[in-house]
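Both complexes below contain chain A, partnered by chain B and then by chain C.
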Partner chain A sequence: MDKLFEWERFFDNIPKMVPYLSVTFSIAIYASIVGVILGILIAVIRMKKIPVLHQFFQVYVSFMRGTPMLVQLMLIYYGLPVFIDHAFGTNINREWSTVIFAYITFILNQGAFLSAIFYSAITSIPYGQTEAGLSVGLTEFQTFRRIILPQMVRVALPPYGSDLVGLFQNSSLVFLIGVTDIMGRAKTIGTVTKHVIEAYVFVAIIFVIISLMIRLLFYYLNKKLDYGRGRRALILKEL
Partner chain B sequence: MRRIVKQLVGTALVLSLGVTSLAGCAKKSSEAEAGAGVTKVIVGTGNAYEPYCYLDEKGELAGYEYNVLKAVDELLPDYEFEYQTSDFANVLISLDAGKIDLAAHQYEYNDERNEKYLFGKEAYTTYVTYITVPEDRSDITSLEDLAGLKAKSSTGSNATYILEQYNSEHEDSPIIIDYVDNGTDEETVTGLVNGVWDATISTKRDVEKLNKNYGDGSEVLKTVGDPVQSSSTYFVFDKENTKLQEAVDGALKTLKENGKLAEISIDIIGGDYTESE
Partner chain C sequence: MDFNLENFKESLLSGIEYLPNTLKLVFVPLLIGLFLGTVVALVRVYRVPIIDKLLAVFVTVYQGVPIVVALMIYNLIFMLKFNDIAKALHIPKTVTNVDNIWVGIFALTLTAVCSISEVIRGALLSIDKGQDEAGYSVGLTKVQTIRRIILPQMVPVAIPMLINNVVGLIKASSVVMAIGIIEIVAGSIIPSSRTYSFFEGYVAAAVIYWVFTIIIEYLADVLRKHTGRFRRNLYD
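Showing the complex of A and B:
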């Protein structure tokens, strides 16, 4: 057999694979932006204990957090159109492209994970602060916007960062339903060139870089939102 | 002022995302309407079975299935084919779910599949499968010899069906089936040579292909014994869709008669595998 790994093939693959990063990124971006909105919505519903919706989302979040991503992907890709087409007489089963189902799956999944992160971040702020805000005449929204939100962002940031790293890795599953992302491209290159290891190694490197970049970004965000807390802790330690 | 700008930017961002995704859908539906009179057929095929269905250097669908279907499409002015690729195990599931109208992935006829799907009547490739083992093994020549040994197969394939049938008839000495989905040729060869699996089931031409690609001049794998099954491959349709099946069969018949099918086979697979081996 040929050598399992050759640098020449490795470098040949790079220009063929890099364009497919856009698929991976578009999934991550859609899932992050819409997922944050969904996450906030679910967190608020759970905070306010809105009947029916509250119970519904509790089941929803536990389902999304407790089942494998691949199962969710299959359920959305094959199952969702059955319900929607049946209920609304549409034909999304055939008219929507595969990648839209991938977006939907990742948005729904991120929404569930982020809602749990936001929920715990909000509850980490003592309720006394809300009471204090309300007692000086701020409305509920103003209290949230001016007192709770700035503090909860700081709490939610680290888990959000690690969630984002996970999101990128999970996105590599979409090839199974036929969306060619960077992982899928690695596989197809493997089929054409008969050598797949180089492509896998490149995918691994790409994911390491993405994860490092996200960690770096969140490290700086964290520092920026620290409002001098770290320094105070340092002074206390020195004392 | 800064706040207003911020809000505007935010709204614009959300709107643009929404519009692009909606535009994606809208484009699709208008395409469907434009071809009124011409029925759109979604063909489901695989993405990692070279040279039958795979994505080429540029990431576009290529291979025998695609070329045959393209020729079929040219003969059928009432139909317009559109291609959708996925993992092998998901092609027939997509047919179940109504996402595709025609499944093309070197599907051999078997009873289990026939119960669920409509097979085309015109075969477009022969498919004679053998037990395949590493070159240096001489202890295996039949399915009986595989009892207690490990055979590589993938979910939903005809090889799996054959192995499972064998096991249900020989419950006391079954073959250990290792289900490997979404694997690559390289994994198959390496696994067999390293002894991860004792055997697999494949066609002579696939083994020749593997030897050529990974043998480095010599033969690393060989087929042994009599054929496990001699069958042909057919396009697979939804049970209800006899109209499309008849149309495609008609076109295939024409392609066989005018020699075009054999031409495609020689051109892409490297031999005429359309009639017999």
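Showing the complex of A and C:
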């Protein structure tokens, strides 16, 4: 066995791996965009207490928060084909690429987590403000758009940032269902060249950079939105 | 769709059988994390020179590494270098007779230390500086102030966030199946590979985790009410 870690192999690997970053980013982008929509939908249903749907989504959010991402990924991967096969009689295992299962899982997962963030952000604003808005003749939607939303964003931003960091980290799990993302690529490099540690270290560095960039971005966003809040905002930021 | 209850039950029992491994993977890191995390947080809050900067950089960087990646790296180093390290330290063991669950515990411990230290740092910062000054003014030493005044006030602030961390650890512990440690998930699909009922196997694993986290959250609620009872103000 020669040396465990060699810089030469490390730099050789980089051009082979960087293209696969797009898979990681596409998962994160799909999950963010559709997840935000789903999250808003669930939060609205929970605010309005629409019967049946309200209870259903309560269980759904609890399930998504209480089970590991890995298990959810596997459930979708093994469960959805069986379900669709019985409902529509098409075999999606053959037609869909595995990355679609990853998209679906991450969207469903993000929807649940984001709904919890939005819900707690909305409820952190005293109900008196809604009442005040309604009393001066604003419609319900106007009250939400002009009074609740601007305040809510400030509260929701820090947890959304850490959620986004977590989303990127979790996306490295998709190699377990056979999606070739950057981690899956590291593994295949390992099987071909028998030297996998350089590839893994590169993956680690990439994820550290992504997480630092997101943190930095949210740090500045927080600072921008921090006007006139004083001590409370300071505490929120530290948390 | 056909959901085979018989296979599901078998998977459920097989998964529960490996629950102790998951408990080990959660609670050993949690205990070490609570201890070291508090130390790290205190070092950073009270600005011990040099060490605080090093720890700040380490915690920030390490929180960016996904746990699967860290796990894979540690496992590789463990497999390839354990014999050499053991020889250098005169430990009469080789890689074959050490359970690799310790690699999982090690990886989860480092993650736990980082995330718990952040939680505790946040809780410490939420306590007013005047409390330190008050302790100092009545003649307590720094250690006495921390132990008798700061830490007891920090606990109720930190508990809700700590519970999130525990749930996160429980969920993160499922990742160790990637290096071949058998815990709840890997345990529940043992019968599946024979009967080819992977969906039932994973549903069983999900149910075990779900019940587990619900129990933890319930206990957390009891604990939160208990520790918060002195903080309740008159308006509550």
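Note that the second predicted complex is superposed on the first by the 222 of 239 C-alpha atoms of A that agree within 3 Å, B and C clash if a C-alpha of one lies under 4 Å from a C-alpha of the other, contacts with A are read in each partner's own complex, and residues count from 1 in each chain.
Note that in this section a residue touches a chain if its C-beta (ideal position, glycine included) is under 8 Å from a C-beta of that chain, and two chains touch if they have at least 3 such contacts.
All of these numbers come straight from a predicted model, not from anything done at the bench.
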item	value
Superposed partners chain B and chain C on chain A - clash or fit	clash
Touched partner set for A:212, first chain B, second chain C, both or neither	second
Partner chain(s) touched by A:184 [first = chain B, second = chain C, both, neither]	first
Which superposed partner A:176 touches (first chain B, second chain C, both, neither)	both
First, second, both or neither for A:78, with chain B first and chain C second	both
Which superposed partner A:66 touches (first chain B, second chain C, both, neither)	second
Contacts of A:125 with chain B and chain C, given as first, second, both or neither	neither
Touched partner set for A:134, first chain B, second chain C, both or neither	neither
Contacts of A:192 with chain B and chain C, given as first, second, both or neither	first
Greater residue coverage of chain A in the superposed arrangement, chain B or chain C	C
First, second, both or neither for A:96, with chain B first and chain C second	first
Clash with chain B (superposed arrangement) - responsible stretch of chain C out of 92-100, 128-136, 146-154 or 200-208	92-100
Residues on chain A lying within both footprints (that of chain B and that of chain C)	1, 78, 82, 176, 196-197
Contact set on chain C toward chain A in their complex	1-2, 60-61, 63-70, 72-73, 76-77, 80-81, 121-122, 125-126, 161, 167, 170-175, 177-178, 185, 198-199, 202-203, 205-206, 209-210, 212-214, 217
Chain B-touching residues of chain A, taken from the complex the two chains share	1-2, 16, 20, 30, 33-34, 78, 81-82, 93-98, 100, 103, 175-178, 180, 184-185, 187-188, 190-192, 194-197
Contact footprint of chain A on chain B as seen in their complex	13-14, 17, 21, 24-25, 28-29, 32, 42, 47-50, 54-57, 59, 84-87, 90, 93-94, 97-99, 182, 184-187, 189-190, 193, 213-216, 220
Residue ranges of chain A touching chain C (in the complex, touch as defined)	1, 4, 62-63, 65-72, 74-75, 78-79, 82-83, 85-87, 165, 168-170, 172-173, 176, 183, 196-197, 200-201, 203-204, 207-212, 215, 235, 238-239
